[in-house]
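Residue numbering begins at 1 within each chain, and the chains themselves are lettered A, B, C and D in the order written.
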Amino acid sequence: MIIIMKPGASPEAVGRVTGVIEEKGLQVHLSQGHQVTIIGVVGDKSLLEGVNFEVSEGVERVVPVTESYKLANRKFHPENSAVPAGNTVIGPGTLTVMAGPCAVESREQLLETAFAVKKAGASFLRGGAYKPRTSPYSFQGLEEEGLKYMKEAREATGLGVICEVTSEHAIEKAVKYVDMLQIGARNMQNFELLKEAGRAGLPVLLKRGLSATIDEWLNAAEYIMAEGNPNVTLCERGIRTFETATRNTLDISAVPVLRSRTHLPIILDPSHATGVRDYVEPLAKAAIAAGADGLMIEVHPDPARALSDGPQSLTFDQFEGLMGRLKPYAKLEGRNF
Amino acid sequence: MIIIMKPGASPEAVGRVTGVIEEKGLQVHLSQGHQVTIIGVVGDKSLLEGVNFEVSEGVERVVPVTESYKLANRKFHPENSAVPAGNTVIGPGTLTVMAGPCAVESREQLLETAFAVKKAGASFLRGGAYKPRTSPYSFQGLEEEGLKYMKEAREATGLGVICEVTSEHAIEKAVKYVDMLQIGARNMQNFELLKEAGRAGLPVLLKRGLSATIDEWLNAAEYIMAEGNPNVTLCERGIRTFETATRNTLDISAVPVLRSRTHLPIILDPSHATGVRDYVEPLAKAAIAAGADGLMIEVHPDPARALSDGPQSLTFDQFEGLMGRLKPYAKLEGRNF
Amino acid sequence: MIIIMKPGASPEAVGRVTGVIEEKGLQVHLSQGHQVTIIGVVGDKSLLEGVNFEVSEGVERVVPVTESYKLANRKFHPENSAVPAGNTVIGPGTLTVMAGPCAVESREQLLETAFAVKKAGASFLRGGAYKPRTSPYSFQGLEEEGLKYMKEAREATGLGVICEVTSEHAIEKAVKYVDMLQIGARNMQNFELLKEAGRAGLPVLLKRGLSATIDEWLNAAEYIMAEGNPNVTLCERGIRTFETATRNTLDISAVPVLRSRTHLPIILDPSHATGVRDYVEPLAKAAIAAGADGLMIEVHPDPARALSDGPQSLTFDQFEGLMGRLKPYAKLEGRNF
Amino acid sequence: MIIIMKPGASPEAVGRVTGVIEEKGLQVHLSQGHQVTIIGVVGDKSLLEGVNFEVSEGVERVVPVTESYKLANRKFHPENSAVPAGNTVIGPGTLTVMAGPCAVESREQLLETAFAVKKAGASFLRGGAYKPRTSPYSFQGLEEEGLKYMKEAREATGLGVICEVTSEHAIEKAVKYVDMLQIGARNMQNFELLKEAGRAGLPVLLKRGLSATIDEWLNAAEYIMAEGNPNVTLCERGIRTFETATRNTLDISAVPVLRSRTHLPIILDPSHATGVRDYVEPLAKAAIAAGADGLMIEVHPDPARALSDGPQSLTFDQFEGLMGRLKPYAKLEGRNF
């Protein structure tokens, strides 16, 4: 931690800050410039929890030096992680495609989709049974009934199945039916839910919050991992910006940024990022080329009649075509697919 | 709902759209321009749930005409609402000031603060017992013990007390001790929590999400109200933008925008919005002048040692001085304070 | 300047960095932590122009300590500045209201408006003769003819007149007719234009760019001041965010932030910030309460027929009513108005 | 254009709106819903310039139906354009790589770089002679001297050369020395500069503004094209968002969005978008996979000593390695490279 003093801060003001640091058992390194004094803090900064140097007289600002996440941090875990999930392993050398409808709408819709995405080469079936919807009057999901169809689809096809959970209650139900839990963007900082997910014993896909910084996102992953669950996969699904031409703005740079900061696998969701079916293919290719470990793509038997997110869903034929065209990109990146 | 067709959309494409509308029992109004055909839909649009005209061939875009929130909508409730909470009523003609520490840290800290903010003229004591923190390694709150201190502070001072709830479990506890529940920014779209809060029987303060549009915010209020709880108050606490000079960007325009769209009372939180103690006073005055029904302000006996958000907290003296200087602004706005 | 090294950076990597610093004639202060080495640089950092420590091996990041703007910086000029302009002085103790149409459309429109805003108490007439419009096919302004009407309006009413300039050519013309030059949001980082404006001999109103940070804005002011022109006034007119309920998001916190960083006067423009006539009054009051030195407000004889920005313009009657209602707020702030 | 009336708008209010439309010679299509009346306007909407229906009593909002840009619009020019520039053609079937230093610093630096990027396979040399810098005290470029070096580099290597222009004066100089003009992000809405560039007789690379929507960007291109210059290429270089892990956020979705709206070629600049050398390669690959027609990449003989933007520059070796690794991606997309 570095504390930058205001120009002309008095020796007393500097002394008050260094006094607190030393009193807590840490060391001070003082750097006296022509205009500005800088105080370096050396030692375990957790001893300073609850000390707010910012409000001490003469302090200009405080600059943190080390990240607050440890388990997710590449610095302490230099190798890329591989997350076992369903019948696959998400991570280096593979390209995991999770496909399926935004919402589970019926047994027929789900099973039909499961067979189609399996045939096209996906390794996971996605499908929402608990749907977080902007309006309380929109379709909210089939809940446990939907989970049962997920399990049935798994047994019928051998696909792994993943489902978003939105409450402790949903987690309790979901663990009985699915292979992987998904925490959605709106719940990325629902810390109670993160802790529950960390204790549930299943791998977790953590979507990035609509306006979460990459550091906040890694701290959210840390909440899950701190409960003893190392099997976290990150999913970039677009952030909120001023641009309205797409539903969100896919932050493709998040792939190399995450790669430098964390060892966790990274998946991209071009369907939610853009909200437009025609933009899914170029962004899926771009995601692979940027180094993503997988893709999440919405597929629906009849997008025009989907109960949610129809405009961004692919038909079975479109998905199969896409999968074929993605193959050479995966190959270039040395990914089994 | 209006459906705008692409230039040169075929009569068959138009026919497919109008066919679906009529099949669902709604009426079509066709407007054929030189370049573009526009289809107006007349009738109850909930009959179109699950129909995605965007993916129908030839459709350029779909423009919604009516808001999806009803109970929170000023159109159907033209008078400003007054929300009874604690010993006060939040709404027209009053200025409700909620003050206290970011986090309840100890019995002494809370009681001392309660007496100080009561003396200065606040009508509510705020204080977090369940703290959503970016890092799992930061102080997470005293939980039920903190709630007990809140109740004790209420009994000792007569202030109303308000506490953030972050889970169903926290709500179950909080209803036994406090007068008003707070849903924080990070949980604004935690819809399960909103529903629980709606059923809890207490008034609810709903903070705006970091990147929530005003319409999403009003839909979140609708989740609470749809459970039968009309006593919702909205709290603007800054949105996330590119500017880093302040912790968040206070969206002061939200006051008149909300006033035009909803009848619910509006409170502003200049402490969280700016993150800087010196900016609280000018923004508190601005909030009153813009028409806010109240303020939420962080006060701490010793901000330099606060376990969270110290840099933005006022000392007791600073708060008392501020309250005196706010009085003439409240008076100008005809607000009892 | 502080250079933070990566954990485990080699002594050679540290040595390469400190070698360059010392070679340039500056001093090094080394702070060796358990995990991280921090290098403080003491001395005139302009000697390091063109050295990029970020790409030196082992460097994590570089943290600047001092601001790059000097003339606009409150640290070197602690008193608030007063900018003489037209027949008034913008700054402490006054509230300068600049009012008028977005665009000068005709002699009659401008003169009529000038008399109306003068009567209501404005001290400046605003009006665009060179209009930066999103589309090349929209009305682009009357250019020199418009400037002539501005001058005529000044002579007829005694108001100061201000006009936006969008090119060197426009500045050459404008200096012959107006009292103050305006640099618009889209040109805030048109550095050639800033330099020209700095040399033009008239006070300059510098609007904030749509996505400019406060530091970039103050650096833009520095461009004008570095040409020898100290008479710069800053105008906040809303920044671009994700919220679409208003045309832009008025960053009201910019008032106290600027007050702490610069001595220059600050004006707010609630008309462009919101784009909605009904929101102008609450935000004008808020601006005064937050400590602004003035307001810029759009007024038009017939907003429904304005050639640009009609929806946010006030009628004469609305403006006169508003000015009366603003008086007590200006009085509370000790501002002559 | 569609005008949506407020619920319960009076027949008189509707009549006032339709009266104006008909008076201007356009046709009205009325759609009377249960709650809301919608007015479709049929005919040439330029006849309504200067009419602001938003402020007419009873109007809720106005929805535009057609884009304001025509020459840049794919609807009126369905084939992808190819822009001849230097010794290449930017557009379908090619991948144009523009490489070189952020700023021209010396004859040696530029020539050395020119030969290196030529050898690695670039077809254009980039280099700034007029540098828009945040602070007036930073290096501002060599101006005409820098242009002369550009010309010399062109003659020595056969590369096309491109240089940013920041004023009318710079355009006058640049046309004598370079093959293509670049308008930078900060000047994207410097409309006077756009018009000058449109008249200069050279192809123009138009970078996207830091917070420009795609529609504003296409309207800026329209300013150039409306002067008779069809040879415009668009360059996405990152937009400003809340995320600070990268200098800007590369909006990779802009590629398919632009592809659907315009026929102009699209280039991506991963160097400015990220500001970090290590992120350039994954984003360059992603850009090609997303369908970009070219790349702009910063290369410098000694990035640690670059006078601007060193941290994002590649060394010669790094650039040559990158170009080799990009080849199979270009091939997959059917691009000659």
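We adopt the following convention: a residue touches a chain if its C-beta (ideal position, glycine included) is under 8 Å from a C-beta of that chain, and two chains touch if they have at least 3 such contacts.
Please read all numbers here as calculations on a predicted model, not as lab measurements.
Select the chain at the greatest separation from chain B, using centres from the mean of Cα atoms.
It is D.
Using the touch rule from the top, work out which pair, C-D or B-D, shares more C-beta pairs.
Top pair by contacting C-beta pairs is C-D.
Taking each chain's centre as the mean position of its Cα atoms, how many Å separate chain A from chain D?
So the centre of chain A lies 31 Å away from the centre of chain D.
Measuring from the mean C-alpha position of chain C to the mean C-alpha position of chain D, what distance in angstrom results?
Here chain C and chain D have centroids separated by 26 Å.
Taking each chain's centre as its mean C-alpha position, how far apart are chain B and chain D in Å?
Computed from C-alpha means, the inter-chain centre distance equals 38 Å.
Using the touch definition from the top, which residues of chain C touch two or more other chains?
In chain C, residues 211, 215, 240-242, 244 touch at least two other chains, as defined above.
Report the residues of chain A in contact with chain B in the complex, numbered from low to high.
Listed in rising order, the residues are 46, 49-56, 68-69, 132-139, 166-170, 186-187, 189-193, 210-211, 215-216, 219, 222-223, 226, 240, 277, 303-307, 310-311, 313.
What part of chain D is in contact with chain A in the complex they form?
Touch residues, chain D against chain A: 211, 213-215, 239, 241-246, 249-257, 259-260, 273-274, 278-279, 282-283, 285-291, 328-329, 332.
Where on chain D does chain B make contact in their complex?
Interface residues on the chain D side: 2, 4, 7, 29-36, 38, 40, 42-43, 63, 65-66, 75, 211, 240-242, 244.
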